[in-house]
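Below are two complexes that have subunit A in common, paired first with subunit B and then with subunit C.
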Partner chain A sequence: MSEQLNITALNNDVISSSNKNPERLLGIFNTAGESKCILFDGKNFIIDCHDKVKSYPIYDIIKNRNSVIGKSEFFGEGVFVFRYGPVTSWLVEPGVFHIYTYGERILGMNIDVSYKSRNIEQRLLGLNPTEAIPLVENICGNFSFSHSLAFTNSIENILGIELNPIIKSYKIIGLELERIYNHLYVFSQLANAAAQKVLTSQIQFLFEESLRTNFIFSQFRYLKKLNNIGKLNFYPDKKTLNTIKERLNKLDSVLKNLYERTLDSKNFLDRLHATSIISPEYALQNSLSGPTLRACGIKEDLRQHDKFYEDLNIPTISFGDSLARLEVRVEEIFESIKIINDKIDFVDKVKGLVPFEEPNVPFENITGSSIGAVESPSGIIADYVELENGKIKNIYISTPSLFGFNAIKDSLPGMIFTDFPFSVDSFGSFFADAAR
Partner chain B sequence: MNNWWLPYGLKKRLTEKKDYKTDIDVKPIEGIFKTSLHIYIIDVGNSNELCFEIKALQTPQYNIHRFGIFFSDTPRHADVLIVLGPASEKMIAPLQETINQMPKPFGIILIESGEINTGIDIKSLVKENLLAEINNYENPEQIIAVLLKIMNK
Partner chain C sequence: MNYLFIALGFFILGFILTFSRRLSYLAALAGSVYVFIAGVTSLNIPQVSAAYYLLPHISIGLNIDRTTSLFFIVSSISFAALSFYSFDFGRLFSRKMGLFFNLALFGMVLVMSAADSIVFIIGWELMTIALTFQILERRNTMTEAFQFLAFGEASTMFLLLGFAALYFTNNSFSLINISHASTLFLVLTTLGFIIKMDIFPFHTWIIGAYSKAPSHTAAMLSAPLTLMGVYGLVRVISISGSTKWWGIAVLVLGAVSAFWGAMFSSAERSVKKLPAYSTVENNGMILTALGLSAIASFYSANKGVETLADFAFLAALFIAFSHTIAKTLLFISVGHAKEALQKEDIDLVRGIWRNVGKLPAFGILTSGLSFSAFPPTIGFVGEWMILEALFQSYKFMNNVDRIIAAFAGIMVALAIGLATFAMVKLIGYTALGPDHGEKAHKFPSSAMKISEIFLILLLFIGGIFSPYLIQLLGYGKFLSGLLAVPDPLLIVSAQPIFGVLSPTMLTVVIIFLIIIPLLFFVFGKKKVRKVDAWNGALPLSEEEYYTVPAYSFTLEYILRSVFRMKEKREGYITEVQNKDIAEYIYEFIGKTIDKISTAIGRIIMNGRISLYILYIFILFLLVFLFI
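The block that comes next holds the complex of A and B.
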């Protein structure tokens, strides 16, 4: 086992690095009496006829995304359904795992996300875009900046707004700060599941410190009330940005030390290695994105097509297990720190040289539709928005957690109960995000 | 490099403040829970921000065990139920059942994260045992301060 562990930790084979991958189905929605779908090919979002995607394996899951993911049924001697949730101490969020088992081994499962459903898309209808932002931020509190950014991107596309480079840099800093604390959260959860008490405490410490860094940047620990259409509600000053830079550089050196020790800890790695393996074929057929996709060898990241992310390093590992997903996330933290440092330097350098004008956004009487998307910490968030006379007429929000839960459902069978937390936590999926 | 975790952990001093104060009105349960408090968390539909904050509450900066505050794995072993709201429709019944499972006497703390309401108001469900209500949640220090006030510390 240990020989294989070393191979996994060092294996950086890239299975696919092309800009385009097979089309993945991200969502299905109705507009003007017609059913349409959102497809993504690794670079572009395509709105197409709904009939085309009926054969996709993820089709039924997306169609019934507010109820139970999966239709597994198992019968046999001693087989029973173990219901885990909606009220448990380990899984604080309300969701239900219906696990088929005859004892230690998991035979199959269905996951009910509906306990967290708050009908946010319905609540958004009829609001003007600025009124909608606080509600969008509350879809999933730990992805609030990503959700807000995907939404404002779609409105900016409808209005034809090109972002000022300084404003864009501030938005990138917010997005990368969100990625850092989410990845640290996943790391601490996995360390805790493996009963690595010292490691857990040290990573939890960094997690809390990163939430405090968010507070310094935005006055909110979860980066709320900062983003707006074509602008930010306020702009942290030079002193604040320098403080953030100092804190992140400290985090970088402490985390590097901890990560080095982690990769040396066979007890920990053994729990993650070969747990819930996802193949690249499965990932592409089932609309996975983000660290989960990159952990099975597919070098794809929405940020690579953004000219504001220069020389983006995309960490990719080919094994597809929980360990690979953790490794990708930790490498992404280091990359995010680098990006934030670059953006702070850029803002420092060009502020005063580049005209800093906030766009005027008169969306009254505006009618149109567009897609806005963001590479959130756990994958692609894509918002399809239709505006009619400046009000939201139709909105569809595609979230990465739905596809993450589907992958958990499909990758856990064959594993044993003690693998359960390592699998669930490694995908970084949340019921609030999946159920909206 | 010595990669043994124990010396690494021992040389760090991560715990911060010694006491936490709050202006939030708190109703202590007279005569009990002065030395230890076991809490159970139920999320009834918040945006997940508060679930993250419960994890943040368990970080070494706060080190809540030194105050005798512990997380319970079941409502049957808990003294205080922390409800993270507002509630989704389907979580009303599980909340009622969780309250039924609490051993008497017990208290409830209701936490909601701000002005955006995405669910059902549950104050009427929890009012009988409500010890404190945090409406505009800011950070884990607020929760610790409320818990310490319940314990008269």
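The block that comes next holds the complex of A and C.
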């Protein structure tokens, strides 16, 4: 039996859209002794399972997502496994890249994400949704707001909560702030990999500035402890919002200048150009989303189906390489700043007009299931949640990093070691996010 | 001269005593010692044997002049070390090996002491044939032995033609007391000798022969055999005199060869092919120095260039000597380890220090350091000399000569750098690398170890006391003193002084610099905590060790068009393959001859007996008429 859920990024308001893509497999889980899949067609999430999914190239990766991504094996004179990790320089979190090589050439790769596995889905079982939020936020520090938002979305869907436009706007601001600092982080990592020390310092400065903006907005640099079911725990006042606006406008102008200069640096661009090219066909077959998908020319973004994102500009580039992924991310920073400015203006304008009420729906006796999804900085986070008497009975969290690492594994063979950081960093994937 | 006859007598005794391996090698050792004595005693007193007449106008004889003495001394060190090494190593082979071993030494001594081209060719052929049979002592070596023989006979053919040219000029087969020779003689004999020196593009046989041959044979092929080529060139120059065009030709050939050998040795993965290519490199440097000496002779009347010809010649001798000692040591040490581990790839001969023994490991280490021009080894002095000589080429009057010499300098400098790269690989993986945990095969090796110690000491003594060696060679004019360095411990590269080096004083400084930290280490507070190198928080598994092909892949990739590098992949099996361009030449020659012979065969052997008889008849007539 298939269950079609028309659920968008932040609530259950659906804006009709005709831009569907081929069906993608985002997750597989068991419920009531039955195997179910989370499928996505670019617009709708479908909870279903059919035999065809077993032929999807991503099927085995999803089935074994807590261990090693990939089953590469190579033999021959001089071939060895270059193990990068689990605890070594450059890696910011434990994980292992098992790289088959006979020297500089990358022949194949398996990626072990298990070192960061914390069994968060298991630990969430039996908790009530409010208790669960801090744990969900800790799935991945860089995506804590996105994870929390996807989770609260699913609960709000079960509870039938329709968000107040002001609360919704605050949540959008939080999500876009998270996107900005994540994209800046990726940019600084790529600049650092190319030994562009001045550029790296400048971008790291902007990254630090964006974390401070997060702090001003939420009292936490990584936007934690802010989100809640149907509400926020904290609402910045008008003065704070104006400060955020000023800071972001300044960031916008500095970044534009830096970005223009970056695009003039052949030395930097050469390192990213033609590195780890992802084709649109591969991207769709392997469940990619976010900037990686948009960097191969596919105009898809969960936010486009949300009426609260008016006139959303979705940057796309068709080349599919690391440079394209960076360009998409930087363009998205500018777009996010624009969105935040609009939302601050909106909050400022309507705060007195719209009754500002927080929903108060008790979930102690609620039983039901739903899916909540968010366009996180690196792609779709989709949470399928089942509640039974107000407690989490079943939960499956689909994360973009799993698909990102799979794409890294498939796109790096044939390249050389020098390309490694330019490839890995450009996907913006995290072991914590993949392993949960 | 008597010492020479005693030496030859011992080698003959060695053939006779073939029934006992030890006695046969003991005779070889005694013969080697007498060759050394003959060399030392004849350094300043040239000796000529009586002439033995084969025909009324054709006599043969032996001769020990200064050149012969010098080469006797150097080669006898290698002979003696190899003979003593074979006390243990020879047990791994049949008794016939002793016969071929003594025969090869006998042939080489004849070559160095030949007073005429007949004795020279006899010696030349004896050593070639004896070494061919030595290679054949290993199973499945027919192809490699045949390749060696083919190149050896090509060399002999050029020498025969060259000596014929010499005969037509002088009406004599004598190689001494003559100073007239045609250009043809110079060209043909140079070709004959550089083939023996493994100079590019005549080096391809070494790839198979060195790796398949028993290690003491490989050492003989690499060190004393190629030294015979050097000796031959020196002898030829003494007869015909060096000319500028000859100098330029051999300079370019030598420089290319040095670079080529170093480049391929840096990419080699076999424990014996790497030293093989190193031989191409070292002999290339020797040839470069001889070429530079010839060019410098042309300018010797010009101010500032008066001593360059002699200094370049001295550099050639020094590299020849250092190569002979270091390469013998390298092959016997590698052979020791190879036999103990029964493996061929550098990747698989890891951990010699722990697994096989400290001496073979130290032998590889010190010889590798010598090839890497590490002070105070003899290799360091030799390579300093050639670079110093090449630096002085700016003094040439002709711009073309300067540019050519500068090109040679670049090639040689690159070769020295690449050789270091190769030797670091060999030392790092085999001598000092982590072992596989495999048990080394035990066999008696006391004599092998003594030979290794002997050559290790010589490498350092030769380097540290090189000023005295220069004095012994008769080049006292390149010795001096300066400031705190007493005369004659300073080597000067020209008169007036251009560059200076004092290996002796440098050693004193090195020892002083080592002793102080050593004292601190020994008597200081030992708060040293030893831990394994950090490998991402996990111990390395066997499949995670950095392999030998990986070490040089970047270099091979950058120079992929020169290496003819191909990354081959069939399913999950993948590897990098290189091919020496010179091999294409011989493959082309082989295929062309094959096609021609097939075509001729089809015409002649087409079933018509009358045509076949006609062919035999014509051939018979041709042979009868011209030969």
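Assorted remarks:
Methods note: the second predicted complex is superposed on the first by the 415 of 436 C-alpha atoms of A that agree within 3 Å, B and C clash if a C-alpha of one lies under 4 Å from a C-alpha of the other, contacts with A are read in each partner's own complex, and residues count from 1 in each chain.
Operating definition for what follows: contacts are C-beta pairs under 8 Å (C-beta built on N, C-alpha and C of every residue); 3 or more make two chains touch, one makes a residue touch a chain.
Please read all numbers here as calculations on a predicted model, not as lab measurements.
In the superposition on chain A, no contact is made by A:308 with either subunit B or subunit C.
Once the two complexes are overlaid on the shared chain, A:102 sits against subunit C while remaining clear of subunit B. Contact with both subunit B and subunit C is seen for A:86 once the two complexes are overlaid on the shared chain. Between subunit B and subunit C, B contacts the larger number of subunit A residues. Of the two partner chains, subunit C is the only one that A:74 touches; subunit B does not reach it. Look at A:196: by the touch rule set out above, it reaches subunit B but stays clear of subunit C.
In the superposition on chain A, A:59 makes contact with neither subunit B nor subunit C. The contact surfaces that subunit B and subunit C form on subunit A in the two complexes overlap at residues 86-87, 94. For subunit A in complex with subunit C, the touching residues are 73-88, 94, 96, 101-105, 107. Per the touch definition, subunit A reaches subunit B in the complex via residues 86-87, 89, 92-94, 114-118, 120, 123, 134-135, 137-142, 144, 185, 188-189, 196-199, 201-202, 204-205, 207-209, 211, 215, 221-222, 224, 260-261, 264-265, 430-433.
Chain contact summary for the complex, subunit C toward subunit A: residues 269, 347, 534-538, 540-541, 543-554, 556-557, 567, 572-576. Within the complex formed with subunit A, the residues of subunit B that make contact are 1, 3, 5-6, 8-9, 12, 14, 40-56, 58-62, 71-75, 84, 88-91, 94, 97-98, 113-116, 118-119, 139-140.
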